[in-house]
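Shared chain: chain A. Partners: chain B in the first complex, chain C in the second.
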Partner chain A sequence: MPSAPPEPAAGPREEAAAARPVPAWRRSLRPYLLIVPALLLTGGILYPFGLGLYYTLFDFAASKPQPDLVGFENYRRIFTQSSFWDSARVTVLYAVGAAAVETVLGVSVALLLHRASAVGRVLEKILILPLMIAPVIAAIMWKLMLQPSVGVVNHLLEPIGLGGVQWTDTPTGALLSSIAVDVWVYTPFVAILALAGLRSLPASPFEAAAVDGAGWWFTFRRLTLPMLWPYVLVAVIFRFMDSLKVFDIIYALTEGGPGDSTVVLQIRAYLEAIRFQRYSFGISYMIVLWAVVYLVTMVLVRYLGRIQSRAAEVPK
Partner chain B sequence: MKREPRTDAGAGKPSGSGARRLSGGNGGSGRRRPSGRNGGSGRRRPSGGNGRNGGNGGSGGRRLSAVAADGALILYFVFALFPVAWMVILSLKPADELFSTYFSFTPTLDSYRTVLGAGDDQGVPFLRFFVNSLVVSVGAVALSLVIGLPAAYAAARWRFRGSENLMFTLLSFRFAPELTVIIPLFVLYQQLGLFDTYVGMVWVLQLVTLPLIVWIMRSYFSDLSPELEQAALLDGYTRKQAFFKVALPLVKPGIAAVSLLAFIFAWNNFVFPLILTSSNAQTVTVGALSFLGGDRPKYNLTAAAALVSVVPPLLLALTIQRYLVRGLSFGAVKS
Partner chain C sequence: MERMDRIGHDRRRLVALGAAAALSAAPLLSACGTGFGGGGATGGDGSAADDITGSFDWKRAEGRTVKALLNKHPYTDALIADLKAFTEKTGIKVEYDVFPEDNYFDKLTVDLSSGRASYDVFMLGAYMVWQYGPPGWLEDLGPWMRNSSATGAEWDQADFFPNLLQAGQWSLKAGAPLGRGGQYALPWGWETNVVAYNTEVFKKLGVRPAESFDELRELAGTITRKAPGAGFEGMYGVAVRGSRSWATIHPGFMTMYARNGLKDFTVEGDEVKPAMNSPEAVAFTRDWAEMVRKGGPPSWTSYTWYQCSSDLGAKKAAMLFDADTAAYFQAVKGASPASGKIAFHPGPKGPGGSLATNMWIWSLGMNARSRNKSAAWLFLQWATGKEHLLRAAVQGNHIDPVRTSVSEAAAYRNKMGAIPGFIDTFEAVVGQTKIQFTPQEQFFDATTSWASALQEIYGGKNASSVLNGLAGDLASKIG
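For the complex of A and B:
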């Protein structure tokens, strides 16, 4: 990730100066020994991952007692099925929508909190709250509130003539509702990172701008936003990656419905692998999603690295 | 190996001075860059002022925009807090007033009694799910600490062949969709008898807790001056003693914070218990959903279950609030 590698600190050389002579091969082995347990545990997870990859070459399913080796047939089927492309479309809509709203809202909240009014200082302390609630619990909470006839949201909207909205019962409504839950849970995450970023920005450019009589909008566009962008980008990357593999919010809120309208890729994989017990096919879905997330991460992290090194050149 | 540390004073000295140094570092939220918290708080006011009036607003305009800003903030926080408040109201409603009245009713604790009463309602043993969550989350954090701390230390203190790749591999689990490994694990667990067991859950929750602990503790360790351990080595400590008696005590605040954060993440996980447990080791996140099932919606019970299940993470979050930013960003901001 973006965090820089640590300096080679108390390395073997300094240690040689210490009292007790230790054979060189043992010294160079030491970090590996310390890291081996973690690697074993990682291996314990990589093994099922490898096993999963292997499964995707078969037509392993509950309905087939004797799975055949089918090569890349599962993947071919995925890419030729319209349901995959429907899911991919919903997933991208969800991820882009959620990440975009969270970014705009989160940065706005951070800017408002940064002004350090008395109200802001009090509210800042509870900013973290939605983030600590399990997303699935948040979705349950919203599900109760969004019930068309008995939910409190429609009750509150009634006076302005908007009662009776079928929030999670129409395709668009279901997608927007699940994005809203995502926004509710994760906006604080963006806001916290943006706020931390705002507080570490150097003061002198702002002072200079104030002396020159620059307006708020100019200051925001030309100073705050460019300097804040590396911080915000970290949050955006995290949020985009996570939204691409959303599962719990949709599972609890809509279960993919109505129809197939909110069946994102992880939900599709769950339905295929667990509910319909087409194991190989379900895993293949996940492998495809994993590859996509991995590629997108790499591209975004590279972009982040460029931005950060450019930001580092700006004298502070 | 045989050589004893010279004196107890020698042992106390490095850790003592280090403790002071560390707490100084924490004040700057552990960041080594000059523009850390300490510097930032002093500068906050001027730059905030710029944001507010843009250098040309009069005092009247400033007051107006300040009110507008506070208003906007309050609006957001109503959005952020209302669902929780509404759950409280819903959970206190008597069953027969669930749909008839919205904000006036006679509060009752019946829902909590039913939810926590080990499930006389439709046999949802919610209390048991709660205990299960505690057991598997604590178990996962404990195991991750034992295994993750040495790894984090190694990654912070040595640069060795493949160290960055290994660390990135560990972090990449953070980005992998959970179902990728869970379906093969489901099959494996069925064969190994780990399905619906504590061991199985602790094992799989490592995916959540271990990368978190390694990544955050690594940055805590690298914030620690290596000279402290070198001093200890010169005093005749072995490398092992230097780690346990000097480095480890100094990062204790970090360990506490990251453990609580990892606990919250493990507690909040949903996919693993959903697929890898059925009843014995099921956790609250899955258990809370069971009140929504059935033909009669039990909104008050669902609300009570939801609230009970968020109590531990919320309590912990309040105690470690200061450290959360660093934890949540996985040290990514610090670069």
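For the complex of A and C:
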């Protein structure tokens, strides 16, 4: 068996270098060098954000390329317009509706799939398919399927006498249809997170409950749900944040109509900034939306932190 | 304690360093053009057209490349098929990107507003001139047209239908009429908004095309009620657009609105006032919404021209009140189940027999920031010239000619004569077809809000209060 080649002996130059202490300036510089990538990344995020914030203080628009400084006038206009409050109401309805339905459905699906079976394993693979479709494509697909005369949905409902539904022609129908598409796309996301949570739960409390003769509902309410809650809350946070920022699904399905019934804040910001080219006003809308998402997320994350700490305190 | 002090000291040093870096970066960022956009286009007071001297020469920019942004359209297909002829004639290569209409204008708007010169030439409509003209994004083509060194005599400006050339000419002042000021776009292809109908169902039901708006409303409802019983399962009366977009207002709706003598805005001195809430406009809008409810497409609020056109072709709609091209592409042999059974009619007349018709015009424009203006102008000249447009009309599907010479050419008339009523309809409306909107920068906001109001009225809201609300909202934005 051939032996490994011997390590080359350290020369006098290397020995001297090893013995020489690292200069103090290099030692003090090292932490700063290490944070350079993080600084660049932060700068890459903060610079456009700061620039956007700066632009909101002007009346910058295509029709006014050399704008005047207007201070907080854009924000004042936003908050005094009824259209903003209408959009805010629709945005909240959409986000709460979508996140709630997705959570309930996602957890239910996860509970069903958690019972190991061949069918469950197949369903698990099918379940993930909507997540692989771009939301805008899903919305267009559903738009075709919801067409009252040629769409497959009404065709399927025809035998039970519900074939003539005008899905997106009424304000309520349009909002519910948009939420339904969101639910179709994102329920699998919640289900996958919940399923991962279920599979990580310790078996012993459930075994003890079974020995004590606890029923399914009792076990679910007193054991499964409390232990699963941190996982569910992570899914809720993600879905709520995303639903507050929704654009693609609603725009592809209804363009914000009928009337202004599905014009969420993101669509209004897009119309103002891109379609109508009132840049400052459009960015102001986006900043307001950012602030709302930030505050809501902060509250939810704090709540999640408390839940997790409480879970950590439970004696094992 | 000493460590705490050092950390504090280091933090202060870091903040100071960061602030210094930010301050030193500020001029650099300005130099990179991160400030507000806009600004001059030619870099001086004069037009780049003034640099062209000597005799006209198609080979003047040989070896150059022109970049074009195009919308996916049969007119575009005819242009692309003929590009080889342009390159042979001029030695100029054309590179192009084609986008579907849903994304096309967003792409163009973002590109022009960024101040880059990614594209030298592009397709646009007259309404876009109102949006892109004031910020200085469009080259004024007037000086190029007037310079005989830049423009060949064969281009023959007088050959264009006058309303079409005027559609791209504007003084950039809200409310000012078209046909005065700079020429910001050249007519290339256009569409009149008329009625196309299925002759088979009309014959079976024993009905005739409507001659008035009241008749059209009645007819649409009658067909919706009777056609399914006459063997046309699922057929409804009239296909018109309904999506929440400016594009819903400008075809059939604006045509009928104008034929009734109604105005979108009134101009008094410098003031532009919304007029879509006048008592007559309210009554018309209510009637239009009622027509759609009784004889329009199901799920109307999502209808774009694609759905309207395909419903006519699929024998789902008995009539289409929209662009003549939208019906033509269903009418040609083998194109759809209804082909061979589609005829054209000018549509209902207004009081006094008015056939005032709103038009859509596909124009070609030049980027004011283009660094390739001489070659770009040669391209625009060729693309709007007689030679290409006749070829595109006869060999391709560029079917509404912007030039009288093409509309009178025997080859064109032979081709279009095969579609019942097409030429008669074209000739009946061409003299009264023009942009029926009041030019102003907030066109897209106004018409998108108008479409939204129309949807609300269709949904059962009170027309008067909805349109008063719309007018009030627009009055604060325009004027």
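Heads up, the rule we're going with is that the second predicted complex is superposed on the first by the 270 of 316 C-alpha atoms of A that agree within 3 Å, B and C clash if a C-alpha of one lies under 4 Å from a C-alpha of the other, contacts with A are read in each partner's own complex, and residues count from 1 in each chain.
Simple rule for what comes next: contacts are C-beta pairs under 8 Å (C-beta built on N, C-alpha and C of every residue); 3 or more make two chains touch, one makes a residue touch a chain.
Just so it is clear, the structure is predicted and the values come from calculations on it, not from any experiment.
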- Message: With both complexes overlaid on chain A, does A:L34 touch chain B (first), chain C (second), both or neither?
- Response: first
- Applying the touch criterion given at the start, work out whether A:P65 contacts chain B, chain C, both or neither, answering first, second, both or neither. second
- Task: Check the residue A:K143 against both partner chains and state whether it touches chain B (first), chain C (second), both, or neither.
- Result: both
- Name the contact category of A:L51: first (chain B only), second (chain C only), both, or neither. both
- Query: More residues of chain A are touched by which chain, chain B or chain C?
  - Reply: B
- Message: Quick check for you: in the superposed arrangement, does A:V109 touch first (chain B), second (chain C), both or neither?
- Response: first
- Message: For A:T170 in the superposed arrangement: first (chain B), second (chain C), both or neither?
- Response: second
- Item | Intersection of the chain A residues that touch chain B with those that touch chain C | 28, 32, 51, 143, 147, 150, 274
- Message: Show me the residue ranges of chain A that touch chain B in the complex, using the header's touch definition.
- Response: 1-12, 14-15, 17-20, 28, 30-32, 34-35, 37-39, 41-42, 44-45, 48-49, 51-52, 55, 105, 108-109, 111-117, 119-120, 123, 125-138, 140-145, 147, 150, 152, 155, 184, 187-189, 192-193, 196-203, 206-207, 209-220, 224, 231, 234-235, 238, 241, 245, 247-248, 251-252, 265-266, 269-270, 273-274, 279, 282-283, 286-287, 289-290, 293-294, 297, 308, 316
- Note on the structure: chain C contacts chain A in the complex at 10, 14, 34, 36-39, 106, 109-110, 113, 131-132, 134-136, 234, 243-245, 297-302, 316, 441-442, 444-445, 448, 451-453, 455-456, 458-459, 461
- Which chain A residues qualify as touching chain C in the complex? 28, 32, 51, 58, 60, 62-63, 65-67, 143, 146-150, 164, 166-171, 174, 254-260, 271, 274-277
